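Look at the two complexes coming up: chain A is in both, with chain B in one and chain C in the other.
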Partner chain A sequence: MLAKYIARRFLASVIVVLGVTVITLLLMNSTRGSYVPGIDLNPALRPEDIARLRANLGLDRPFYEWYMSWIWAVLHGDFGRSMIDGSPVMSHILDRLPNTLELTGTAIVIGVLISVPLGVIGALRRGSKTDHVLTVVSVAGFAVPQFWMGLMLILIFSVTLQQHGLPWLPSSGAFSAYAGGDILDRILHLILPATVLSFFYLSVWSRFIRSSMLEVLSQDYIRTARAKGMSERRVVYLHGLRNALIPLITLIGLELPGLVSGGLVVEVVFGWPGIGKLAFERALQYDYSTVMGVTFFATLLVIAGNLLADLLYGVLDPRIRYS
Partner chain B sequence: MIGPSRVAELDVPAAGVETGAARPAQSYWNESWERLRANRVGMAAGLLIVVFALIALLAPLFSLVVTHVQPQTINLDDTFFRPGLRHLLGTDELGRDTLTRLIWGARVSLGVAFLTVAMSLSVGTTVGMVAGYYGGWIDDVLMRFVDMVLAIPAIFLFILMSILFRPNAITLAAIVASVGWGSVARLVRGEVLSVKQRDFILATRSIGAGDARLMVRHLLPNVLPVLIVAASLGVGQIILIEAALDFLGLGIQPPTPSWGNMLTNAQSYFFRSGFLVAFPGITIFITVLASNIFGNAVRDAFDPRLKS
Partner chain C sequence: MTQPLLEVRDLHTVFSTKEGTVKAVDGVSFDLTPGETLGIVGESGCGKSVTALSVMRLQRPGKIVSGKVMFKGQDLTKLSEYEMREIRGREIAMIFQDPMTSLNPVFQVGWQVGEPTRLHHGWGAKKALASAVNMLSRVGIPSAESRANDYPHQFSGGMRQRAMIAMGLTTTPQVLIADEPTTALDVTIQAQILDLLRHVNREFGTATILITHNLGVVAGMCERIIVMYAGKVVESGPTKDVFAHPTHPYTWSLLRSIPRLDAEKHEPLKPIEGVPPNLADLPTGCAFHPRCVFRVDRCTRDVPALLRVGESQLAACWVTQAGGELTGA
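Here is the complex of A and B:
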């Protein structure tokens, strides 16, 4: 049953991935005229030269031909070469991936560590002042533009502190070149961007855990546990929290694509050398082999995340049956 | 943008809501409106959005009467003014009045947001209704396409399309809506699947109503509550997305002021004036906050069972 389910989901995923690459390539393809802006106007180039340059980049081939050879290469693990610098797209991705994982991973861990206790407190003291304050914070978290929060943190913790001659936090990059990137230096660079990202996760997840916890605590088995004379602490943490956390797995699974694209705006604001910033910069330069590679990679993550979340859900909650 | 569809049979009032026998029977719409009106905070938030929209509409008047400058008026003698009597919210690096620019920026932000919602709703509703109503291969094809659109990380799609279309307000709305319609379609399809099972659809069909009539006159009114909720919850998110695109330089281009692109430059003048960073962000924050609070109020009023 499960094997059949996975097989069907897998097949659907293949279709979706193929569709996504076609859509992306069609979009990139429509910009192909703009690749190397102004090349047609350069008086130093003869028309033959321009044609040769375009041919070198494969820009003279029709769309479907380009796509077929691209997808064939991808199936063999070759993402092609960047149109800007000629280096393999895969090496670009692998270069930036650790930085992105460092940032989003930290943010997710901080988000979980803080949102779980906040959600539990909100549920246990439902309607209290603490609960109201937590609600307000979470509603605010939904409404703050991430890039603006980043700018404000830079303004306060980098600019203003520096102006007053106080110790300040670095506002850009993943490490300072001269410090050679030791652990402390990296952590200092991580503080501001990770704060922005985790604040968002925190406001979403703490609400979620609160309502999930409230639902679980109203179940019969919680009443049974209390009736047996079990201590409140054991009831809440052993029986309540464990079950309330199950839906969180889905949410975190759905965050998997966010590992790559979710931090894009934050990466741009903080000059963080991650995948999102790579895709952003390369898209502006019409480097479509790189953009295709990153999009393909990110889409795989979306689909893997969805599937993983569904499967984990079934493992953690045996009542769920796949059909 | 919009949560999963767990809503069915919306026209049945929720259990436990004060439907005493003594009270005269009320329509679903009346009851929902009463519930919404009773929510003070929600109504205040809605009122704030209306006020902002009016200010945006009357921006030229504000320029003439209140601030006496146009958003593009450059005054190099007045650069980096601090907030004060002469310029209520200060000026930027070219001496342009921040308040005037924020008011004109409201036209962009709110205009694009409302336009985006309208576009995603109309496309999403059409696709979702056709898919849900006809079922079979039509449903399969349309929904796989929706899967694809929703599987591409939205921000990449926005970037690619912004480069392609050199956005103005209308194309920008279309770009953001090109992703938003997917979740609306899913939502509507789910609703239609449940509504079309009901007896009144069979009855209407049996007296000879055609497909088009069934969809527009009988399915649409039943899907409407979900659409209203989706629309009011969507506005805030769209304002955030639009501001982020403007900030990245992919949206509305200077010199037309927008809340997002006012922040692009502010980054270069951190050391001169922190106010340039603060005010546009606070404006976005307040607007999105009000939209979200109003959206939640609408959801609670129109669909009491979703209330957490």
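Here is the complex of A and C:
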């Protein structure tokens, strides 16, 4: 039953992958840019040179032909080479992936660890001062643009602290060139971007847990639990939270693709060498093959994330059956 | 008369609402003797459920403002929350109206039924589960051993209510409070659950408080009943006396509003005119007077106390306390 369900989901996802990659290619085509900025204007290149370059890269063919040969290669595990530097697209992705996983993974873990207790507190003390403060903070976290918050943090914790001769935090990159690989150095670099990213997650999720918990706490089975004579902590954190967390799984599942596209804005602001920044830079340079590779990869992870969330749902909620 | 197991004295429970303070329970007193079945009857919103929840101290967000609940020599209203937890589910168990929503959907039935013994007797998972399986089969769940691994959604409504009853009984409590235990069930299932409660009462000697709006249920189950209206007890006494000679106009009207197979002649049913009062804005005097066909002047001014009327009954009514009869109309 379960295997059949997964197989059907997998088949459906093939269509999604095809759709997403076709749309990406169409969008890139429609911008009518060139893979090397200014190539058409360079007086040193003769028209036949340009034509030869385009032919070498397959850009003279209609886009569907290009797409067919690309997808054929991808199905054989070959993501091709970057149009800019000629190195394999896959190695670019694999280079950047650990950094993105480090940043978004940290942000998601911090987000969950903080948002769950905050949401529960908000629900238990609904209408109190604490609840109002939490509401304001989370609305702020939701509303403040990430690039602005990132810049402000850099201004305060990197620039101002340094100006006053205080210990300061690095503003960009995943590690220092001179201390590459040092764990403490990596953690210091992680603090600011992870703060921005997790602040966003936790403001959304804590609201979500709060309302989910409020609904659960008004259920009859919570009254039953109290009537059994258990402590309020057991009522809330075992009987209540176990139910309130079920819908959160979907929300986090939807966030899993963020593991790849990884707060793109945050990566750009903090110069974080991740997948999101890779896609952003290469899109500006019309590096078709890299952008397509990243897109394909990201789509796969979106699908896997959703499937994983659905399967987890079934584990947490016995009422769900796959068919 | 035997020493009461549970004595409720002049209990007042209030709720703060936008419309003002609502006296959901307004001076309720009753006794429960060991092994008996007591019925609490009344319309929705008359305070019968809040009375039961107040005994368990689960009336939140309501507040118990005065009164006593004496149980085994201690006043439950004075206990700390921690001490009260030792009473709940161990000495006094409660089952609720809607078995569909009263069990936690994400835990196995056997686990939930065994939870009170794990909490109160400190039993391990295995021992608790074994006793849960035993109790589930005693309340009539077939192949209890395998059904204990099921989740609540795999049980029918009647089975869930049986599981709720089993959950209440695992710690062999002295009092079982059943709050409308059959209201949400099919009629045939209702009869089975009532049979089970009767059986439990006999076999375990558990004193039972049965809360219901269904007079037929009370007639078949309870030795004594109390009738509540607008947060107050308006009449109490042995069930058969109350049914034969109601001494409060509300009880009298209630009895005339239900069909009876043993009626000598076919009288049309007489619904009670008017609507139940708004608890935030009660009428002056007796709360029932706007709907009462026996009303006298005094009823609109003074609140009647609950006093002995006739041989065995108590009633809060100026008319019957003065020797008046409830007939005709």
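By our rule, the second predicted complex is superposed on the first by the 305 of 323 C-alpha atoms of A that agree within 3 Å, B and C clash if a C-alpha of one lies under 4 Å from a C-alpha of the other, contacts with A are read in each partner's own complex, and residues count from 1 in each chain.
Simple rule for what comes next: a residue touches a chain if its C-beta (ideal position, glycine included) is under 8 Å from a C-beta of that chain, and two chains touch if they have at least 3 such contacts.
Only a predicted model underlies this, so the values are computations on that prediction, with no experimental measurement involved.
**Q** With both structures lined up on chain A, is it a clash or a fit for chain B and chain C?
**A** fit
**Q** See if chain A has more residues touched by chain B or by chain C, and give me that chain.
**A** B
**Q** Using the superposition on chain A described above, determine whether A:His239 touches chain B (first), chain C (second), both, or neither.
**A** In the superposition, A:His239 contacts chain C only.
**Q** Which partner does A:Val291 contact after superposing on A: first (chain B), second (chain C), both, neither?
**A** first
**Q** Which partner does A:Tyr313 contact after superposing on A: first (chain B), second (chain C), both, neither?
**A** After superposing on A, A:Tyr313 lies clear of both chain B and chain C.
**Q** Check whether A:Phe63 is in contact with chain B, with chain C, with both or with neither, and answer first, second, both or neither.
**A** The answer is neither, since A:Phe63 touches no partner chain.
**Q** Least CA distance chain B-chain C after superposition, rounded to whole Å?
**A** 12
**Q** Check chain A for residues that touch chain B in one structure and chain C in the other, and list them.
**A** none
**Q** Using the touch rule from the top, collect the residues of chain A that touch chain C in their complex.
**A** Within the complex, chain A touches chain C at residues 219-221, 223-232, 239, 242-243, 246, 316-319.
**Q** Which bits of chain A are touching chain B when the two form their complex?
**A** Per the touch definition, chain A meets chain B at residues 12, 15-17, 19-20, 23-24, 27-28, 30-31, 34, 139-140, 142-149, 151-152, 154-155, 159-160, 163, 207, 211, 214, 257, 260-261, 264-265, 268, 276, 279-280, 283-284, 286, 291, 294-295, 298-299, 302-303.
**Q** Flag every residue of chain B that touches chain A in the complex, lowest number first.
**A** For chain B paired with chain A, touching residues are 144-145, 147-149, 151-157, 159-161, 163-164, 236, 240, 243-244, 247-248, 263, 266-267, 270-271, 274, 277-278, 280-281, 284-285, 288-289, 292-293, 308.
**Q** Would you mind writing out the residues of chain C in touch with chain A in their complex?
**A** Interface residues on chain C, with respect to chain A: 56, 58, 81, 84-90, 93-94, 96, 98, 101-108, 115-116, 119-120, 151, 153, 164, 167.
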